[in-house]
Amino acid sequence: MANIFPRWTNLLPLKIAVCIGTTVAGIALAFSYYATPKTLRVGYQPSQPIPFSHKIHVDQLGLDCRYCHSFVDVAGHSNVPTGNTCWNCHQHVQRDSPKLEPLHRSMNDQHPHYDGKPIEWVRIHKSPDYVYFNHSAHVNRGISCQSCHGDVNQMEVVYQAESHSMGWCLDCHRAPEKHLRPLEEVFNFDYGDKDVARYVAEGSAVKTTEDLGKKLKEQFKVSPKTSCATCHH
Amino acid sequence: MSSTSETAQDNVSDVKLPVLKREKLVLEGRSYHWITERICGVLENRQPLLWWMLFLPSALIAMIGVGGGLFHLVSTGVGVWGNTNRVMWGWPIVNFVFWIGIGHAGTLISAILFLTRQNWRTSINRAAEAMTIFAVMCAGIFPAFHVGRVWFAWFLAPVPNANAIWQNFKSPLLWDVFAVSTYFTISLIFWYLGMVPDLATIRDRCKNGLRKVLYGIFSLGWRGGNRQWSHYEMAYLLLAALSTPLVLSVHSVVSFDFATSVVPGWHTTIFPPYFVAGAIFGGFAMVLTIMIPARFVYGLQDLITMKHIDNMAKIILLTGTIVGYAYLMELFVAFYSGALYEMNAFKFRIAGPYWWAYAAMMSLNVLSPQIFWFKKCRENLWVVMAVAMCVNVGMWFERFVIIVTTLARMWLPGDWKTYSPSGQDQLLFVGTIGMFLALFMLFMRFLPCINIAEVKWTKVESDPHYEDNESHADDGVVVEEAYQKELHDTKS
Amino acid sequence: MSKRIQHHPEAPADESTVSWRSTGQLEDSSQFRSWLEREFPRGAAEMANQQEVETSRRSFMKLMGASSALAGFGMTSCRRPESYIVPYTKSPEWVIPGKATYYASTMPRAAGAVPLVVTTFEGRPTKLAPNTLHPDADGTDAFAQASILNLYAPNRSKTILKGKKKAKRAELDALIAGLAADSSAKIGFVFGADLSPTRSRLVGELGKKFSAAKFYSYEALQAEDIAGDGVKLVADFSKADRILALDSDFTSTDPQGPVTPFFDRRKPEGKGYTKKADADGMNRLYAVEAAYSLTGGMADHRLRVAPSQVETIARAVAAKLKVPGASAPKLDANHQNWVDVLAKDLQDHAGRSLVIAGSRQSKAVRGLALAINRTLGSLGAGKPMLALQSDAAVMGCIADLKADIEAGAIDTLLLLTPSNPVFDAPADFDFGGLLGKVKTSIHLGERTDATAHAATWHIPATHYLESWSDARSARGTYSVVQPMILPLYADCVSELELLLALLDKQGKLLNGEGPEGAASPAHDAVRKTFGGDQTAWKKLLRDGFQADSSFAAATPSDMGLPAPSDVKAPGKDSLEVIFATDASILDGRYIDNGWLQEAPDPISKITWDNAALIAPKTAKALGIYDEVLKLETTFATVGPDGEGQKRTAPLIKLTVHGKSLVVPVMISFGQAENTIIIPVGYGQGINHEDDLGREPVNESHVGLVGVNRGFNVYPLRKSETPYFATGAKVELTKGRYPVALTQEHHAMYGRALAREVSTMPDARKGSFDAQLEEVSKQGVDSHVPPNVYLYKPEGSSTWDPGKDGKAQPLINDPLHQWGMAIDLTSCMGCSACTIACQAENNIPIVGKEQVAMGREMHWIRMDRYYAAQKYARDDHGQKIKDKKTGDYKKAPEWVQDNPAMVPQPVACVQCESAPCETVCPVNATVHTEDGLNAMAYNRCIGTRYCANNCPYKARRFNFFDYNKRNPLIKHNLNRGPLGKKDVGGPDHLQKNPNVTVRMRGVMEKCTYCVQRLKDAVIRQKRGQKQEALVAGKASTDMEVNTDTLRIPVDSVKAACQEACPAGAISFGNLKDGKKSEMGRAKELKRNYDLLNYIGTRPRTSYLARVKNPNPEMPDAKFIGKATINMA
Amino acid sequence: MSTTRKRVYGYLAEFKSASALFKAAEKVRDAGVKKWDCYSPYPIHGLDGAMGMKRSILPWFVFFGGITGTITAFTLAYTTQVVIYPTIVQAKPSNIFTVPAFFPVMFELTILFSGFTVLFGLLALIQLPRLNHPLFASRQFHRATDDAFFIAIEARDGSFDTQATKQFLEEIGGDNIELVEEEDQG
């Protein structure tokens, strides 16, 4: 009789085990990092038919969010401006900018390529069909646009700033004070600790936005729910 | 310890104690080599025609039934089964409990009989454990594919996820997931570890290169040195000690699926012991169903002796009676509760729309094993086989009675509606039977169906002090041996 | 009016307002596309791709205000497919994307228009609710609720047909223009029986323009006027203390006036449960009928007699009450006793008692009823029976039409009736043949039914939600019908538009939208009829009706008492047959409505078919069954017909008037012996997939829903007695027919489920009050020990202490805790709630086979129990033991054979201690803080354990992809991915965008319309900001308290509650306590929890049914005893 | 195979029965040999003592493995059910009183972890898998898994001597004494 396995095979099982272990751990790590909304969604920045700059409109010109997203505090749904919202200004301002070609096609019946069809904006923030998210419920209770959409006022091209995963929603529903603001500040993208003083009596211990958030949570009786039917029905 | 060691002690202390008659577990004084030859021969020789006749159709049925059935199910929806909004669990869960029940005898025979030093287990434990593995595989198919969205079944696994949501650890079904998967894993380890020395035996007999390599790999380089045996024995003991409560827990947890519900007829404290007894009962019946033919086909009469069969018949009698007691106790508790819903549930079981299922359950499970009170019946293999088949069928009906008849007549008469299985239900069940048989055939073909090392160990001369006692041959052994031989001769 | 509609726009509908405009997904048909183009001439939403158009619930959003269409899987982003947000180019007024808008409108119906509030999303109507401001507001029955599905029916008629072939619009225009030009045309119009003032006005003008024009009115199941031309007899139940219904199902299929007041008077505590329980405030209903109707189920005393004998009873009552000219017929002692006591009761309450005769009953019976009312002084203003003069134009009947056609007085016939005369006119008219004698027949209808096929022309009709019109409600209140949406299909024409075209000088047919976006000419016509100034018009559009516009009182003509028609009582060899209105499809017009087809018949519980019903003893006598079938068997065994998917009904050959019909037969309890009742309207089209293998016939008359449904009874009808036939013979045939029932067992099996008490003292349980006291102790609850909880529902003071150190409740929302109470006293079991729920919650239909198996998806299961009193009882209420035999003495046979009928709607009761929750392994069903048993569809993996553990069996599982795979195509569900997909059809436009459309493999159930609750709560929260704005203060200075955040009392309604015509369901916030109707209901003694014994602590409780028997009646001591003796 | 050198592994001697092996083992033990082993087709009870071996320490491994399982299960259940995301389920609180509901899972994971510890602990203790071993090169060793009883004394043992060891084995009753050599692949 002779050994059918050469000597090097003695260490082989161990080697295989280590290899498999490392690979599995690697895959798990990679999966838990990459295959999450945090990685998959955040930073999604498609190019839009019109390179609309929120930075120019909000930051430089000082338009309020609700000028275009006019129903955000009324309806569950935050609407994207209709063609005539844009056209109101742009039939006068920057009328001949080549960037506005799609708007002309949609709105300007004098334009040679006018077809009256709406502009197809590329959707960035998308919650699944089975999620019920109501904008008005949030903005009317002191949650700013900024909390979910990031510093849109600084965005030349809009991108997704937050993961919008369920875990992310729950983080805020469990600790809303980090995001609660006075209702007047909901659409203010520059809100910060400096603004707190305006809302508290002098000499108050409330200094930071989070302190104020805590106070408002009590005062507004904000108690976000975490049970399923809050968002799924 | 074997009987011989006891006699050895008697000898040493020089006190003549009455010695229980024990039968030899290996007849005809077969040698170690004979044992090796005979058991390895099963997988080394050409398979008898019967093997092919069983294997090919089973494999085909398994492929159509399980493969095709599941494909249709997953692609189309649970609606292909007969389940309804009234009877949400129908055949699939009946089959699940049926198979998981069968899956209990293996580990039970191995573990509990090992711990209680029932050495007669050695010649049946391997096959019984294999049966466990295969039965649990068959069982697992049902709940896994029973869920409406099988592609989301991973929701059952507690892994961190972006949804930040977790499982409900209060759900008996989640306990069940843990219990069944643990049971499968531990049974697999137990089975495999027990097989390692035998795989080494086969490896050492192999001529063919590929076979030798494969058996070589799976025997892990086992050498049979006592420094290995020593740890190995300890490991085996530990596994047996772990498996014993596990075996009891698994069917208890399965019974929790019913017992912790509010359904009349399910919500009873008797369920865990009743389910465990039922599982042992059904499991042993299935072992008999499989081992009796196998013993003839492969000529293993000297290893799986009438003693084994007799013991198993007695266990069936015992557990069958326990199960019968449970059936009657259920009725009594329902009657004694004075609760209308409870009483009605049992009334409707006995004589309601599925009275035939209840009648089948009672006669097959409770009455048919009573025949084993008679020694003649335990010795007649045809009778034993018939009773084992009865019990197999009866235990299926027991689950049917528990699940279907209860759900079809629950609380509000307005929702009462009977249930009938669809063709797909039947196809999948037959498919799992095919799968079970096919896997068992493959097991017979490729793996040692009897624990070679342990059978050798049960031989009296395996005791290191055997030769010291030769002068004190155990009378009982001789008498029994003569009796067994006589018995064997008359049978064959 | 509910809070939900408080956001009516101030001026919702200016003439040219665009606020009803909508879009939706497109069915891939050219008509649909053309609709889209008309709707959005300068395209708003462009439909890009079918994929996204699947049933996703928010697809409407994607299509409209911010609509998106999945434009293929472009690789512009490698992360996910790009999808688009497509806003309007020019935003329409009043449309806020994602927000429902509510409009008042009206559903025209023969028995009086149904005032409605229509929910629309971006102009797409999705849900109907009653307009509670309306003086004739009456809830919405199943037909009204389901009528919205007709709008989106996939098989709706879409194209103009000429001689059954598709015709061009121009051809039709030429035809109409030709007609309009010839003012001497011999033209006939057949209208429905509904009343439209504008139509009446136009009829007048048409009569002027076309000198030879003739006008007829036809509906299949129409009562003849007996009180003079245009005089309507309408019951006012609020005034009626004692009611005798002579074969009249006035609560459901035979409306005789607004019925909600009747139910209000059923409640011992009065409407809204404001008073102390008092039997005196309750009305008492006597019913004389052959087969159980829902009204009969509500009755305190019910007499089973064959329909021909109703007249005898009526005559006996009249004689007893000394109605002039009435002579007493001979009655058997039992009946005479019954009549005597009844007559005395009516007499005692003269002026406050009401006799109603069924509209299917003969003129004689109805005349008798009128005479009795007159004698009792119950007729006239302020009395229980009103006579009102309607403004309906006087029109001929179908017999007149026949005579005129045969006389050659009609060349062109316009069939505008919603009925289907070729199919449903009495057989001896041979309407099909009659139609052939007319040169041109033009049919206007929503379906291509038999009449559409027989007529030379067919014009697709608009749905009432697509057209301008007006209507009169039961008592004549002027109500407006306004369109919610432009016609889905370009060729659809409304009745008024067609009439206006004929009146037009050029005969120009304008439909849908006028030129350059002007409103339809029908709008102008309605506006003209209404008159008034713009303010009044706007108010009309907002409210949906004009106040104080009901009909004037009239004096009914006295036709005297007809001579007694002496019809012999039926026997085994000469049975009486009743051709009944079907509770699902009315006269057959709803045969293509899936919701109605799947809703079980409230009495027989059959779905998708009709069957002849027969009493158990008659069935045995006729040899249909070998024994008298029992209501309750000892062991709940399967009956001789099988159960579930194996259930079949024996087929009988029924011969009437020399014609025979093979029809399945089923046992019905409480039916008069030797009578057969068969609902009409079925059997309109058969194809090769029929269960019986019948010859395919008229396949094209119906869609997938209506094909192979039931058996056509109409050929058996004769014009003299269209609703009854005598002398029928029955022969048992060999065949059997599979039937799908939602309920197979009809008794409570000794379980006190649907509880009853009686206002009359019970020998054992004592007075009415004592019985009320005992309601929560009926049945098993009488002797169970109190529930002891291992886990304290209020939590633990050690581990979850609140600020006060005390244990906190687990269900801890301080603002809202939802609860519901269902009053069995007023619930009649009509299924309106079931269908309202189906519409609100996107519940799919599953088809006959699936229903038969027990897989129907209705979230509300309408259980209906019969409770027979088997034993006679002594003065102590104890059973009487026969000393010789040892058996208990039985109740008289006529009591045993006339069991009580008690309905019980069961949906998820939102147990606080819900057994379903604990067993779910993945936490897919957990409790919310406000007390709902939530169901997270997207978390559900479908183990179905929850459903097993639900004692109420209120959970429904999606065994197949019912929403995506058409369940009506045979075997389609089982074909899985190979089956026909059913996505993007027009019916998906009806889906409620706020409710997830469930996929296969998930569990679903009632969650108290959680989407409405969330909407209400969120809307309330917005108030905080508004307050701050109003106060001009900084938001941080505002105080927010409970009142700010808690919604106003009873301001949110569940869909079932909203629809219920009987006001049986009250829903609200438990935190409002007695301020809420539900809170008051829960305080009542007759409030009990279903299956309290298990300790689930349900949030939905039931109020026991109170029967108000007349103690002098022979059966009085057996009334209201359904559960009282159970222990 | 030109580079292959042979190295002595040790002596392998066969004994005719279990009893013979047992007695021989006692003698080898008494001779103070350390690197040796008895090979048999089945475990021979009492041989541990005869060889002077200690009880296996595997139970200790398993004990700690089991404890790990219990703790894992408890931690998993408690943190997810009570700490991270408590849900209201059938009016049961989410606090320490919920723990009884975790017992089944705690039990199962205890067993599971123990089972894995048994498996991997055993493999570690007996140093398997090891597919290549000098003894496999023996011409008769394959019978050790069939019906033969062997004692092998390794060359690594301090007392090993080519002649003396062989003689010693003969003395204690060994047959078919064979010098087993191992291939040392350079």
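Letters are used for the chains, namely A, B, C and D, taken in the order the chains are written, and counting of residues starts over at 1 for each.
Please note the rule applied: a residue touches a chain if its C-beta (ideal position, glycine included) is under 8 Å from a C-beta of that chain, and two chains touch if they have at least 3 such contacts.
This is a predicted model, so every value here is computed, not measured.
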{"item": "Given subunit B and subunit C, the chains that contact each of them", "value": "A, D"}
{"item": "Number of steps on the shortest touching-chain route linking subunit B and subunit D", "value": "1"}
{"item": "Chain pair, A-B or A-D, that carries the greater number of C-beta contacts", "value": "A-D"}
{"item": "Middle chain, criterion being Cα centroid separation", "value": "C"}
{"item": "Chain centre separation (subunit A, subunit B; CA means) in Å", "value": "57"}
{"item": "Distance from the mean Cα position of subunit D to that of subunit A, given in whole angstrom", "value": "59"}
{"item": "Separation of mean Cα positions, subunit D and subunit C [Å, integer]", "value": "77"}
{"item": "Subunit A-subunit C separation of Cα centroids, rounded to whole Å", "value": "45"}
{"item": "Multi-partner residues of subunit A (each touching 2 or more other chains)", "value": "4-5, 10, 170, 227"}
{"item": "Multi-chain contact sites of subunit B, meaning residues that touch two or more partners", "value": "164-168, 170, 172, 174, 216, 221"}
{"item": "In subunit D, residues with contacts to at least two other chains", "value": "85, 87-90, 92, 129-133, 136, 142"}
{"item": "Touch-based graph of the chains, sorted into line, ring, star, complete or other", "value": "complete"}
{"item": "List of subunit C residues in touch with subunit A within their complex", "value": "41-46, 56-58, 61, 65-66, 68, 71, 76-77, 79-80, 82-91, 96-99, 813, 924-929, 932, 934-939, 994-997, 1007, 1010-1011, 1014, 1018, 1021-1022, 1024-1025, 1028, 1034-1036, 1038-1042, 1044-1045"}
{"item": "Interface residues, subunit B side, partner subunit D - complex", "value": "1, 5, 31-33, 36, 158, 164-170, 172, 174-175, 178-179, 182, 185-186, 189-190, 193, 197, 200-201, 203-205, 216-217, 220-235, 238-239, 242, 245-246, 249, 253, 256, 452-454, 456-457, 461-468"}
{"item": "Subunit D to subunit A touching residues, read off their complex", "value": "85, 87-88, 129-134, 136-142, 183, 185"}
{"item": "Subunit A-facing residues of subunit B, complex", "value": "160-165, 209, 212-213, 216, 221"}
{"item": "Partner subunit B, residues of subunit A touching it in the complex", "value": "4-5, 10, 32, 36-38, 163, 165-168, 170"}
